[in-house]
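What follows is chain A paired twice: with chain B in the first complex and chain C in the second.
Then we have the complex of A and B:
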């Protein structure tokens, strides 16, 4: 980010101020064309869904049978999945960065596997090895989701760690008398907050939208409920989909905004949905 | 940059640290460390007296940082041990060694203000919040950054960040202060200021300090003694003036300061002959076999005079202020550098025929290259 900012300053210095201002106020036409095409691609289906459902369908969504239970189950699974994912992935990734940097490529390859392996195969495998008590619990789904979320969570946390001078921070903390728990809690985690927010956002989005595994495991999560309810009332089902989309988007924006605000205050990394961008921590000159 | 160390504005806040010789003696004994096939340290032994400022100087990869990290407890030695205050600390983890360290890269915790960074070590030692902030404030005052106490690291300049890092390292009242090239990331002016500030603080607090650098100017200007390292071993440990005037080995002679190499002939009775002069060898002549060698001589130890038909031709001049360094090509395509007053050098433009002579002081001899 710092480098980008530096480039921008250099560019601005090279051209007269007036020219720079004109360039900023008038982006090239091709940018608008791409923006309009992309906007149309995303917005037209949403508009069509909105027209199909009609505004009257929205208030009735909340009163449909099974809606509250399905939503509560999805939220519960999202929370459990996020907690387990962070508890597993953060210490593991930190440890690999510090002690086993040569294993980073291997870990990257391993975390890709859930994307490569079809969910059906994953479920069959999990059902084979999971204990009986878990098979009858919806929490089994959370464990499966942890595996599914691994590629996204790992990449977010890995990007966050790359943005830090982890080795120096850990050494500095140790030299000042902090043991491992204190270093992790007071130094690493606060500086990894935005990366963890990014991982949280992606995990929650994944859980709230996952259909295949829940359906195969015969649990009625929110996406499963929407598909099932479609057979009863199409407009209400579409309205609930739009509602879920809006609420999820709102939720993600709140998390991302909170993360960015804190990053702006402390000069730390800034979370985006798919990466962590390092800010200039080299200090002012 | 405001510096109020000399005035001692921190008063008695740092109990028992305002007098020299409160640091601990440090002994490095036969330290060995390998990374794969690379021998980073090869039997390094060193004794540092209480309150001494010792610089480890050497080229990249000579093992100086590895030695420092072993003293700090971040690395373990394959062989040998480190003793602080007479006790072997090899088995003590870094967190319990009570050593303050300032790193090369900016190491402040980005999520904490300058005040919280300085107070971090005290927090780990269970100091109460009020006491912690008071002492952190004193330390920030000592490094002239009181008005920046509430700023985050990214709001500070590089020099300010390193001063906060220094205050943070001193806050825990370490018995040994470790400095791992803390000035190398700074620009020249700030580097000079911080150099003086570190030296003043160290002298005032009397903390035993090990300073690692590849910059000979830093090492020579700051340290009580300088240890020159090469390939994991110490070539020489001496006071800066001794190191410059009487280097123990050709490597030290050429690494510290500027050195000319002139082809010479080794004579019997500890003498060496070059450019028509015979001078005494600095390192004695025990067992030396007469033959071809290189003579090592500093620019200020050569005499130069503009003489038609002399033994050299001026090829270049570098203005250094009051002095000018004149490059002279001798016969055999050997170029030497000679320092002389700029007023005298003005009369010797490139192309001038000059006569180069040895000053007559004892010189160091190396194998012919």
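Then we have the complex of A and C:
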């Protein structure tokens, strides 16, 4: 086993992924045309909204009635959702990678479902079957957000695991006498830090932006508050949604930067969001 | 390569201390125990995803008042304004899968050809993560501020001599919603197609070039066929995402555009005739059926894509 892993390592050292990728570094003109058009399509509406809101609206966002309560609720839901998502998805994904690799495609198919099953339909069913004690609590939303976050969380963690030589790590850890809990906690989790961070940020972005379920379940989360407050003051409402957008983006940027710096230091591959560096000699298929 | 098969042949069977009493019982239990690790996840999906969907499906065939079996909900849901809702939803989802799909592929390829650690790439990928989750009223604001009757872009175009509101255009119709949907559909496409682009190995391109292939020949005979199944799979995913979208259309058209998710929302808000509440569930079931068909096609395509990219 160790010998097998050894040759794999050697193969990779000989052909590191990502190098010699493009021999010719002629930057094609069409690339810039596309990026400029895409940039215009995405930035002009942002600029328009910024101008509509005016910079004066930004400071006043903080002391609008209902803002703190709505934000507190959204943050609370985000924390609960993230904790449950990580506790549920990380061990499951690691376990499937190690012990049941044949289930990986099934898991991929199952975790794509929440993207396509309409949240409108889901909330109708949830409100019908959930017990009364749960129905009268906002925590019900958090439990459902875990389901909505699964596609993003699973893909981030899966990408992180694929970039690792998981089998070798686990074997090495076991042969040094570590049990399963210790291996998971002290070997696998530290290696998955980047993947877990991106899963966390995507989950938080989702919870902070989710409107459909919250509004139909009649809870005043941050996005619902933005909509309701629009009748009071349009500019403030626009300013707060822009603020939420920029803060999430900033978070993601920080994480991507940390991730790539770490990858550069260790010489390992990088896993951000959905993108995975393919390994030609992956051990777990 | 021999190493691969050796590893694949031992999918995680950690040799435990054998030969003890009870080893036989363990050997019977082991196949069952192996699945123990996925039990929490399975239970969660069953309770949080499957049970609500089944509840909707069952409710679709129950009378709203008596709870007895009936087909009248399904009949109402497939006629008149609701049929129109399905038609428009499907049309909107098709268009906002294909157009952003192609554009997203181009953007993803442009990002893909950028240097691996470049700032441009990092900004583009993180921005995709953020914008793919953007939607609803904030998105509606963005488009009203730029393309509404007094929007900035409308003003620019007017200065150039184009009055987009002279014709039939309005932001609050089908076209406007389509334009807004692209704002989260293109980033979603970038996110899901990038891994497939990373799977195109440089060696293939080099081999093709060594044999004298031009760029278009490489894409026609090598890159295109390899990418095609993944691309179609991503299109279907975009279709599902547009089909499920509720908040954006609701905010932009205030329910004026007949789309199935919005119609279901009105049933939850209680703005419907008494005794018809379960029609909303029939509509929901209709959406799930359409999505199920899409998903079956999607998994079939994924299987082909995976075989290519092994």
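What we mean here is this: the second predicted complex is superposed on the first by the 228 of 285 C-alpha atoms of A that agree within 3 Å, B and C clash if a C-alpha of one lies under 4 Å from a C-alpha of the other, contacts with A are read in each partner's own complex, and residues count from 1 in each chain.
Keep in mind that, in the parts below, a contact is a pair of C-beta atoms (placed from the backbone, for glycine too) under 8 Å apart; a residue touches a chain by one contact, two chains touch by 3 or more.
Model, not experiment: these values are computed from the prediction.
Colleague: According to the stated criteria, A:182 is in contact with first (chain B), second (chain C), both, or neither; which is it?
Modeller: first
Colleague: Once the structures are superposed on A, label A:249 by its partner contacts, choosing first (chain B), second (chain C), both or neither.
Modeller: So A:249 only meets chain C here.
Colleague: May I ask you to decide whether A:174 touches chain B, chain C, both, or neither, giving the answer as first, second, both or neither?
Modeller: In the superposition, A:174 touches chain B and chain C alike.
Colleague: In the superposed arrangement, which partner chain does A:123 touch: chain B (first), chain C (second), both, or neither?
Modeller: So A:123 only meets chain C here.
Colleague: Please determine whether it is chain B or chain C that touches the greater number of chain A residues.
Modeller: C
Colleague: Looking at chain A, which of its residues have contacts with both chain B and chain C?
Modeller: Overlap of chain B and chain C footprints on chain A: residues 174, 280-281, 283-285.
Colleague: Quick one: in the complex, what on chain A touches chain C?
Modeller: Per the stated touch rule, the residues are 1, 4, 7-8, 18, 20-23, 28, 30-31, 34-35, 38, 41-42, 44-49, 51-52, 88-89, 91-92, 95-96, 98-103, 105, 108-110, 112-129, 143-144, 146-147, 150, 159, 167, 174, 198, 201-202, 205-206, 209, 211-212, 215-216, 223, 226-227, 230, 237-238, 241-242, 244-245, 248-249, 252-253, 255-257, 260, 264, 270, 272-278, 280-281, 283-285.
Colleague: Can you check the complex and tell me which residues of chain C touch chain A?
Modeller: Residues 3-4, 6-8, 10-12, 14, 34-35, 37-38, 40-41, 44-45, 48-49, 51-56, 59, 103, 106-107, 110, 113-114, 116-117, 120, 122-131, 133-138, 141-143, 145-147, 151-153, 182-183, 186, 191-192, 194-195, 198-199, 201-202, 206, 237, 240-241, 243-244, 246-247, 251, 261, 264-265, 267-269, 280-281, 284, 287-288, 291, 294-295, 298-299, 302-303, 306 of chain C touch chain A in their complex.
Colleague: Going by the contact rule at the top, pick out the chain B residues touching chain A in the complex.
Modeller: It comes out as residues 72-74, 93-101, 103, 105-111, 120-121, 124-125, 152-158, 160-161, 165, 168-169, 172, 178, 187.
Colleague: Could you please specify the touching residues of chain A with respect to chain B in the complex?
Modeller: 164-165, 168-169, 171-179, 182, 186-187, 190-191, 193, 265-268, 279-285
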